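Paired with chain B in one complex and with chain C in the other, chain A is shared by the two complexes that follow.
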Partner chain A sequence: MKIKKLVQDFENKIKDIDFKYLKEYKQKENKKIFAHFPVYAPHEIFHSFDVLLLGLNGAGNEIEILYADARFGSFICSIVKSTMELGLSNRLDFIDGFFFTGICDAARNLCFVYKRNFPDKNVIFLHLPQNPETEHAIKFLESEFKRLIKNLEEMTGKRFSEDKLRESIKIHNENRKLQRKLYEIRRNEPDKLSTYELYTLLRIGNFIPVEEHNKILKEVIDYIPQREPVERDRIKVVIEGSFCEQPPFELLKLLDDVGCHILDDDFILGRRFILEDVNEDNPIYSLAEAYVKKTRYASVKHSGKKYKSKYFIENVKKLKPEAVIFMYAKFCEPGLFDYVLFKKELEKEGIPYLFLEFEEKMWNFDRIQLEIETFFESLIFV
Partner chain B sequence: MYFAGVDVGSGRTKMVVCDEKGNIIAKVMKKTHANFQKLVNEILEQALSQNGIKREDIKYIVSTGLGRYSVPYRDFQVTELTAGGFAAKNLFPDTKCVLDIGAQSTRAYKVDERGIVRHFKVNDKCAAGSGSFIVKAAKYLEIKLEDVGRLSLYSQDPVPISSICAVLAESEIINHITEGKKIEDIIRGIHDSLADRAIALLKSVGIEEEITFIGGVAVQDGMVASLQEKLGKKINVPDEPEYTVAYGAALLAKRRFSKLVGAVS
Partner chain C sequence: MDKKKKYQGRMHGLQRELMERWYRKLHEIYEQDRKEAVYIMISGNPVELIRAFDMEPVYPEINALQLAIRKQALPALLKAEEMGYSTDNCNYVKADVGMFFMNSPTSLGTRIPKPALILCNFVGCNTYIKWFEHLAEYTGSPLYMLDIPFMRHEEPTQDDINYVVNQLKEIIEILENITGRKFDIDKLREIVRKAKIMEELWAKVKDLAKAKPAPFDAYFDSTTMMGPLYVYRGTDDGIRFFEEAIKEFEEKIEKGIGTVPEEKFRVVVEGPPPYPYFRVMRDLLAKWGAVAVQSTYSTVGGIWEFGFRHDENDPLKAIALHMITANLPNRNYLQRYEQIRRYIKEWHADALIIHGVKSCRLFSCGQGDMREFFIQEIGVPTLYIESDLEDPRYFSPAQMQNRIDAFFEALEHKKAISKV
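What follows is the complex of A and B.
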C-alpha cells in the first residue's frame, strides 16, 4: 500500500472545487447530496436517509473571490466568503440542500444569505442548545433533530426508520473509533504517520460515503506497522484553534517539516467532535445526548458553568506537550475570544505558546515558518 | 579551532568566522544573487583566504537568514531572530529588545537573560519600512547609498513622508524634489518614517531597555538618530551592525559544538 500516493490523490480530490468525484457519484448512485458548513452536523441522520453529507470546508486557495466580497464586509473570515463564492459561481448547483448551525455570527448569517440567494435550494438551519447544563438541552436538541428528520422525509420522499438510524450510528461509531486510532498512532509514532497524512485521511471523509471511509482507514491502520520510520528530533506540541476554517495543506506540511510532533489538534473538528460511542438505543435522543454530553470542548460550543479554558488546560496537562501553538483563522471571533482565556491558563502553568494566524487563501509561508522555527529554537537552545 | 556563521539575507550575504573565545577572525560580505549555491561557496572561499584559516579548522557552521536552507556545508540552521538575539546579548549584555532592519524585513523582538528570543514581530508582506526602501530613495535622489546616513544628520527641517507604501512613496519623494526641498531634509523624513514603523513594531512586543539596533540599516547614523529622538533614549548599535546576525550564528555554532563535544571554553 502506498500511503503517500493515496494521500496525494485525496488532497487532489479535496482541492477540486468543481467536485467532479461527487457529481459522478451522484449520477452513478442516484443519491441526494447535502452540504454542511462546519463544525457539527448529525451525520447519522442524513446517512439514515441515504443522503451523502458533504463537509464543506470552504474552497481553500483554489478559488478567486469575484462575487462574495459584495455580500460580506472585509472583516469576515475567508471560509464564509469562499463558501459563498462556491455557490455564486454555480459550482454547488448539484447539491440538493445545505445545512448550517449557529457557530458564530458570520456562519449564522451565511445560512440566511444562502437562503436569499438560492431560494430553490433546501437550506436548513439547526438550532443547537445554548446552555448544555439545563435538563432541557437534550430534549430541545431532540426536537430540533425531529424537525430535521421531517424536512428530510419531505425532501427524499422516504419514511424515517429508527432501525436505519441505529445502523447509521453503529457505522459512525466505527468511523470515530478508527479516527481515534489514527490520532493515537500519530501521538505515539509520529515518524510513521505525518500530520499532513493524518489530516488528509480524515478530511477525505467529508467527501465520500462513511462505509468507504471506514474501509480506507482500516486498510491504512493495518498497513502502518510496516512503514519504515524516518526518525528525527521533534518538539511535542498541542495545536488549538483551527476548528472551522482549515489551514492550507502547505501549512500542514510545514508543521511536519519544521519538526512538530503534534499530540492533539482540532483540525476538521466536526469529524471528531463526539468523543465516545453514541448509544444505539433510543437513537434520536442518544444523538442529542452525545452532542450535549460527549463532545470535546470547543470555541463554538458553550461549556456551561465550568470555563472552557479549564477543559483546555486539563487536556494540555494530560498530554504534556513542550509547547502549545494557537493557529487561528483571521477574523475568527469565537476562537480569538477564547485565545485570551487559554493563554492565561498556559501562563499560569508556565507552558510556552505561539500565536499564529492563517487564511485559507494564503500563499506565502516564509514568515510563519520563521515564527515557528524561532519559537522552537527558543525551546531547543535553553 | 574555528566556528562560522553564514547569514544569507535578501540584500547581502555575510559570513563571520570566530575562534574559541568568540573573537572575529574573518568576515566577508557579498551582494546576494539568485544562485545561492555559488554565492555561499564563494563566500566560504573568501573567508578561508583570510588569516590562513583552513576548512578543516572550522568545526561547526550555522546558517541563518532567508537562504539558511541553501547552505550545503551547514551543520545546523537557525532563524535570523535566534542568531541576532544571541549576538545582541553577547555584545550588549543588558539588551532586552532587539530591532533588526534588513533589506526586506524588519524584526522586533525581546530576549531573555540568556539571549533567547521570547516574543517577536516581523513586518508584514511588503518591504516598506525596510532597507530596500532607502536603496530606492537613494536612487531617486541620485546620491550614493553610503552617504544617506550621514546626510540625514545635516537636516534642519525634515520633510514628512506620509506614505507607508514604498511604491507610492516614490512619487511623494519625487514631488518633494520638484518642490525644491533639500535632499538632507527628504532623507531625514524617510528615516523618520522608517523609525515610526519600526517603533510601532517594537511597541507590539513591548519596549524595554536596553534596545540594540542591528542589521544593514543600523549603519545609517541618521536612522539611529531618528530612532533615539523618537524613543527618547539611547540605543546600542554594534560597530558593524550588518554582521551581527552572522556573528550570532557563529557564536551559536561554538555553543552547539561545545555541547556536542564539551571541549570549547
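What follows is the complex of A and C.
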C-alpha cells in the first residue's frame, strides 16, 4: 500500500474547486448532495436519507475572489468569502442544499446572504444550543433535528426511518473510532504518520461516503506498522485554533518539515467533535445529547459552568507538550477571543506558546516558517 | 446658542439626569457591596425579570459606549490589546475588559459593582457569549447562558418558546437563591405592564419621525433615548421620560421645527454609530440637511414600531417572544432587509446610509450584499461608509467627509434633475 500516493490523490481531490469527483459521483449514483459550512453537522441524519454531505471548508488558496469581496467588505475572514465565491462562480450548482449553523456572526449572516443569492437552493439553518447546563437544550436540539429530518423528507421524497438512523450512527461511531486511532498513532509514532498525511486522510472523509472512508482508514491503520519510519528531531506541540477555516496544505507540510510532533490539534474539528460513541437507542435524542454533552471544547460552543480555558489546559497538561502553537484564521472572532483566556492558563503553567495567524488563501509561508523555527530555537537553546 | 448643545432639547437633559441617577445607584451598590447587580446585554434584554427581583441591570455595552463618546476609549483598548486581544476583535469587549483591568471608574467617575449574576442573553450576537465568558473568568461570578433560538424562519416554533421559558424558570430559581426572596409573578406582571406602556410610547416616538420635518434624528437622538429605554423599561421613570419626549416632539411638529434648519434629505441609517466621532458624524450629515428618520441600531434592544408589545397576562412567554422575535440581533439578515425596506417606504426616506463597523460582524458581515439589494432590487440610493463604534483609530474625518459630500452632491443633483 502506498500511503504517500493515496494521500496525494486525496489532496488533489480536496483541492479541486470544480468538484469533478463529486459531480461524477452524483451522476453515477444518482444521489442528492448537501454541503455544510463548518464546524459541526449531524452527518448521521443526512446519511440515513442516503444524502451525501460534503464538508465544505472554504476553497483554500485555489480560488480567485472576484465577486465575494464586494458582498462582505473588509474585516471578514477568508472562508466566508471563498464559500460565497464558490456559489457566485456557479461551482456549486450541482449541490442540492446547504446546511449552516450559528458558529459565529459572520457564518450566520453568510447563510442568509446565500438564501437571497441562491433562491432555488434548499438552504437550512439549525440553531445548535449554547446552554449545555440545561436538560432542555437536548430536547430543543431534538426538535431542530426533527426539522432537518422533515426538510430532508421533502427534498428526497423518502420517509425517515429510525432503523436507518441507528445504522448510520453505528457507521459513524466506527468512523470516529478509526479517526481517534489515527490520532493515537500520530501521537505515539510520529515517524510512521505525518500530520499532513493524517490531516488529508481525515479531510477526504468530507468528500466521500462514510463507508468508503471507513474502509480506507482501516486499510491505512492495518498497513502503518509495516511503514518505514521517517526519523527526525521533533518538538512535541499541541495545536489550537484551526477549527473552521483550514490552513493550506503547504502550511501543514511545513509543520512536519520544521519538526512539529503534534500531539493534538483541532483541524477539521467537525469530524471529531463528538468524543464518544453515540448511543444507538432513541437515535434522534442520542444525537442531540451527544452534541450537548459529549463534544470536545471548542471556541464556537459555550462550555457551561466549567471554563473552556480549564478544558484546554487540562488537555494540554495531559499530553505534556513542550509548547503550544496557536494557529488562528485571520479575523476569526471566536478563536481570537479564546486565545486570550487560553494563553493565560499556559502562562500560569509556564508552558511556552507561539501565536500564528494564517489565511486559507495564503501562498507565501516564509514568514511563518521563520516564526516557528525561531520559536523552536528559543525552546532548544535558551 | 451654545454650539455644543445645538442638537439638544429637553429630552437630552432628562436622559442625562436619568442615566446619571442610574450610575449613582450602581455606585451605591458597589460601595455597599450589595449583591444586586446583574450584568446583561442590551440586545433583546430581559430587564423586566431582573427588576422583578429589585436587582439593577448593568449593561457593559453602555459602559463601553460612554467611554467612546467621551473620547476615553483608546487607553482601555490599548490595555486590552496588551493583554493579547486582537485588533480585529469587537472593540466594545476590549474597552470593557480594558476598563476592568485598569480599575478605572466610569466616564462619570462612578464605580460599577461586581456582578451577583452574569446573565448572558445570547440573542444572535455570538460575541456576547465570548464577552460574558471572559467577564465570568475575570470576576469569578456565576454565569447563566440564556440561549435564544435564532429567527431562522418567519415565526418562532413552539419548541423555541418552550426552550426559552424553561430557561427563564431556571434563572428565576437562581435569582431566588441570590436574593433570598420568592419570585412574585404579580410583581413581574406589573413591571411587564409598565414595559408595555413604555413600548407603546416609544413606538409613538418613532412614528413622530414620519412628520416632515422630522422633530428628532432617529439615528443620533434615538441612540440617546435608548439609554432610558433599556435601563428604565418597566418603571414609572421610564414612562415619564417618553411622555416628556413625545410632548417635546409634538410641540416641534406643531411649530414645524426639525433638527436642522432645513430638512433636505430623509435617510434611514443601518449600523451602530461611530461613538468616538458621534458629533462629527452628525455635523457631516446635518451640513447637507440630512436627517435620519429611522435606524436599525435603535432596534437592537427591541423592535416595537411594528406592533410587538409585552403581554402582562403571560409575562414569561412575553419575555421569551421579545427575546426571540422582536429585536434586531436575533432576526436574520433578510428580515433586516425587510425591516429597512419598510422604513424607507413608510418613513418616506430618500436614501439609505449603511455604516459598516469593524467591531461588529453581526451588523457588518454582508452589508455589501445589502447595498446591492437596495440599489439593484429596491432602487434606493445607498451610501456605504466604514469606521468603528468604539475605536477612534478607525475613523478618518476627511475621508468620511469626502464620501458623505460626494453622495449628497449626487443626490442633490438627482433631485434637481427630477424636478425639471
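Some points to look at:
We take it that the second predicted complex is superposed on the first by the 382 of 382 C-alpha atoms of A that agree within 3 Å, B and C clash if a C-alpha of one lies under 4 Å from a C-alpha of the other, contacts with A are read in each partner's own complex, and residues count from 1 in each chain.
In this section, contacts are C-beta pairs under 8 Å (C-beta built on N, C-alpha and C of every residue); 3 or more make two chains touch, one makes a residue touch a chain.
No experiment lies behind these values; they were computed from the predicted model shown.
With both complexes brought onto chain A, simultaneous placement of chain B and chain C is permitted, the two fitting side by side without a clash. Of the two partner chains placed by superposition, only chain B is touched by A:E373; chain C is not. Of the two partner chains placed around the shared chain by superposition, chain C is the only one that A:D105 touches, whereas chain B remains out of contact. Judged by the touch definition given at the top, the superposed model places A:N364 against chain B, while chain C stays out of reach. When the two structures are aligned on the shared chain, A:F331 is found in touch with chain C, with no touch to chain B. Set against each other, chain B and chain C differ in how many residues of chain A they touch, and the higher count belongs to C. When both complexes are overlaid on chain A, the residue A:G58 reaches neither chain B nor chain C. By the document's definition of touching, of the two partners only chain B reaches A:F381; chain C does not. When the two complexes are overlaid on their common chain A, residue A:H127 makes contact with chain C while staying clear of chain B.
Fitting both structures onto chain A leaves chain B and chain C with a minimum C-alpha separation of 9 Å. Every residue of chain A that touches chain B in the complex is listed here, in rising order: 364, 366-367, 370-371, 373-374, 377-378, 381-382. Taken in their complex, chain C has these residues touching chain A: 83-86, 88-90, 93, 122, 124-127, 129-130, 133-134, 136-137, 143-147, 149-150, 152, 157, 159-160, 162-163, 166-167, 170, 332-334, 337, 356, 358, 360-362, 364-369, 372-373, 384, 386.
Remark: chain B residues 66, 78-82, 86, 114, 116-118, 120, 122, 125, 252, 255 touch chain A in the complex. Residues of chain A that touch chain C in their complex: 69-76, 80, 102-106, 108-113, 115-117, 125-127, 129-131, 133-134, 136-137, 139-140, 143-144, 147, 300, 302, 304-305, 307-309, 330-331, 333-334, 336-341, 343, 355.
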